[in-house]
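First chain A sits with chain B, and in the next complex the same chain sits with chain C.
Up next, the complex of A and B:
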């Protein structure tokens, strides 16, 4: 089973690379270095801060786009091309296929993020002419960005099993945006005065993925470390949510007729 | 057959037309754009638009990238301030809102509070001439970053230098001196201001401290300019006192500083911090020469030098 999942994951990774997704990394690295130098010259006293904020935000935004746009095609593309029949006619079970696809895209994003992190540290070294202990803090933010990707890929994969690619992208992006406003949605419910609305917003608060806890870029840029509790609870939350999403995707995919 | 083959390889006319339109259109864009810019009087107004007036709203819309937005807004504030300062503008309407948005987006962006307060407090055309706004900005900084004692130094400085409120300045330095990690001189500064108010020595101490701490060339240059103006102001005061003595003892107007030298009141005509001799102004008071690099608007009283248009 492990071998089959590994094979599917590896092929998903190879397919993503073949789609020339990784080429944008070169553009990213050049933009990052170029803009860091530019901002150091037109701003006042925020050369490093700007580089860290810009670098980490770029990693998050580029990765998010990849997670959504590759994730939505993971299953639907195989169905459209009818390659799903070939795969499932082999001794590959449906849940192995889903898990393999998920891990393959996560591997792509991991490699992608690693290369972008390398570009980011090169730019940081270029600006500071040295790298010290405090420069390890952005790695915490990058870890949290990866946790976000894990949930977003799970969402995209689930929607990919249910709907068309365009609708899947729309739903995933909407849930990502809503997931950043869950605190406000809950507050709205409390302020509304309606008990039903309040209960609905509380339910949404707990059921939908909460991305706001993973937003630690600004703190990292200021040299503020993520508290160990948040690090552990954030990891557990992401793992649990991914498990739920993959389980749901498997359930949908098991029932699907081709 | 051959003719058919030639036709096959010949580029169709519409393709050439497309290339021509593409190249011609691209070339024509530049002069048209320049023409529009030259005649559109509202361009300045366009640049003065904030688009978003609340940093809190922007923060919510940033989807976790508020830090990056704060950096962009801070850069925008710096650029806005620089542009206005170069243009010797008297109004800096967007400066305070831009700084508010920046610090609402990132309440820990210390540099925006500190330099922003300097930009806001300084008199036009050096700054916006809004010391009250500067006080508000620094106070917000203190609330968001209670452990950062240097904000109390900035607060004391604005009270001392821009508002001439020595009592409040002394209180700010005193409160700041009690914050963890505060430098010993904060207490000394509170005591000095309480005892002597707006004295040259106190001002020099403050500006020297700012010069010593300056992290950027802009602030360092500003501190140097203020130190030079303080020295010139002190020299001018002493020379004016000599002039008064001359008039009293000789019963006539000195006419020029050279006459003070001839009469033995001075060994030589003193030079200002930029190395240019002081001159006697048209109003009978000493001032810096026309060639002086001392920034005239930083002097409390700056009569026009002889021969100046005004």
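Up next, the complex of A and C:
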């Protein structure tokens, strides 16, 4: 089982890294990080703040685009091209296929995020001419960005099993945006005075993926460390949510006919 | 031992947008295929051949009935270890080379690091793709993809091989090579279950055939038996016969066809054969061949499928004429 999952994951990784769109996105991200150097040099006194904010945001945005655009095609492409017939006629269990696909894209994102992180630290070194202990703080933010990617890929994979690529991209993106404002939505419910509206917002807060707690870029830019509790709870939340999403994707996929 | 067994296998698809209605594509299909047989599933387009294959491979689930592979339920994934499958009009990964794709297929079967390159190289050589092994699949022609499909279906040295329209997209040379490959696989004791609507392929390769039409089994039997059921007539071919010879043979024949120097005559009755041969000798005509005209697979196929079409159209005509009364 492990060997088949590894094979599918590695194949997915290979397929993803041969996508032209991936290289375009990496180049754009690195260009944006590079341009942050320019902004930093003209921002008196807040050069580092500017660079960290822009650099980490570029990693998050371009990584998110990769997660969505590659994630939505993970299963639907195999179905459209009918390559799924070839895979599932071999001794591959359907859940192995789904898990392998998920891990393959996560590996791709891990490698790409590492490349972009490398670019970010090169820019930081160029601006500061040195790298100190406080420069490790952005790594916490990058870890949180990766946790977000883990959930986004799970969402894209689930939608990829039940819908078309365009709708999958739309739903995943919408959930990502809503997930970033869940804290505000809940607050709005509490302030509205309507009990029903409040209950709905509480339900949404717990059911939809909550990305608002993963936003620590600004903290990192200001040199504030993420509390260990938040690191642990964020990790556990992402793990739980990804498990639920992949289980749902497997349930849907187990019933599909090809 | 049975390699493949289906009992009352039925499949309904739900069609329609709002009010989904079941549409039966496979109707109580019962088949048995012995180990080592080459079995052909024949039928026109939409007969249910691919659905049958997909159910056997666990890609589609039956509505009713059972499907068994090597005496295990078709849904049992462990049965797939001994199965190879070539899908109809196969499509593989454009970004991979032939060698990478074969290695991927081999890894899914858990072939060891040592066995993998050996098996991949041997099969690519066998299907004539050794020289193209490093070419991306997007540059492959349809015929090359078909050959690669056959190679990947054999990567695990399977006991049962499913081939869905294996000759599709191949040129005459390719068809001959694949035909020979199937015959070699048969010699090695493999069970081959293939669907086709090209009857000449089935006639050359199959031990037994089943004819499927509108999801129903119309006939099943040994090809030898089917083709030896009856001698329709006898056909003789003469070279440069004189006009008098042809006139003399006329009363014994049902058709006379002249092609170049040769004349093909189909005899009315087998009992006239001795008299006809006497006439050939008498008129000093050169006898090229004398063959009994047997039932061809095409005749059998048309008899089974055509019969049903006639009965179906009769049935629908009856419904049309009866419906005004019921109103």
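We take it that the second predicted complex is superposed on the first by the 244 of 258 C-alpha atoms of A that agree within 3 Å, B and C clash if a C-alpha of one lies under 4 Å from a C-alpha of the other, contacts with A are read in each partner's own complex, and residues count from 1 in each chain.
Quick note on the criterion: a contact is a pair of C-beta atoms (placed from the backbone, for glycine too) under 8 Å apart; a residue touches a chain by one contact, two chains touch by 3 or more.
Quantities reported herein were computed from a predicted structural model and do not represent experimental measurements.
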Quiz item: With chain A superposed, do chain B and chain C clash or fit?
Solution: fit
Practice problem: Please work out whether A:42 is in contact with chain B alone, chain C alone, both, or neither, and reply first, second, both or neither. | Solution: first
Practice problem: Report for A:170: first if it touches chain B alone, second if chain C alone, otherwise both or neither. | Solution: neither
Practice problem: Quick one: classify A:180 as touching chain B (first), chain C (second), both or neither. | Solution: first
Practice problem: Could you say whether A:92 touches chain B, chain C, both of them, or neither, answering first, second, both or neither? | Solution: second
Quiz item: What is the value, to the nearest 10 degrees, of the angle subtended at the Cα centroid of chain A by the Cα centroids of chain B and chain C?
Solution: 150
Exercise. Check whether A:69 is in contact with chain B, with chain C, with both or with neither, and answer first, second, both or neither.
Key: neither
Quiz item: Which of the two partners, first being chain B and second being chain C, lies in contact with A:211: first, second, both, or neither?
Solution: first
Quiz item: chain B to chain C: minimum CA distance in the overlay, Å?
Solution: 25
Practice problem: Mind listing the chain C positions that touch chain A in their complex? | Solution: 54, 57-61, 77-78, 80-81, 83, 85, 87, 89-93, 95-96, 100, 104-105, 107-110, 152, 156, 162
Exercise. Could you please specify the touching residues of chain A with respect to chain B in the complex?
Key: 39, 42-46, 49-50, 53-54, 57, 60-61, 176-177, 180-181, 184, 211-212, 214-215, 217-218, 221-222, 224
Quiz item: Which of the residues in chain A come into contact with chain C in the complex?
Solution: 3-4, 7-8, 11, 14-15, 18, 81-83, 85-93, 257-258
Quiz item: Which positions of chain B touch chain A when the two form their complex?
Solution: 60, 63-68, 70-71, 74-75, 78-79, 106, 108-109, 111, 115, 215-216, 218
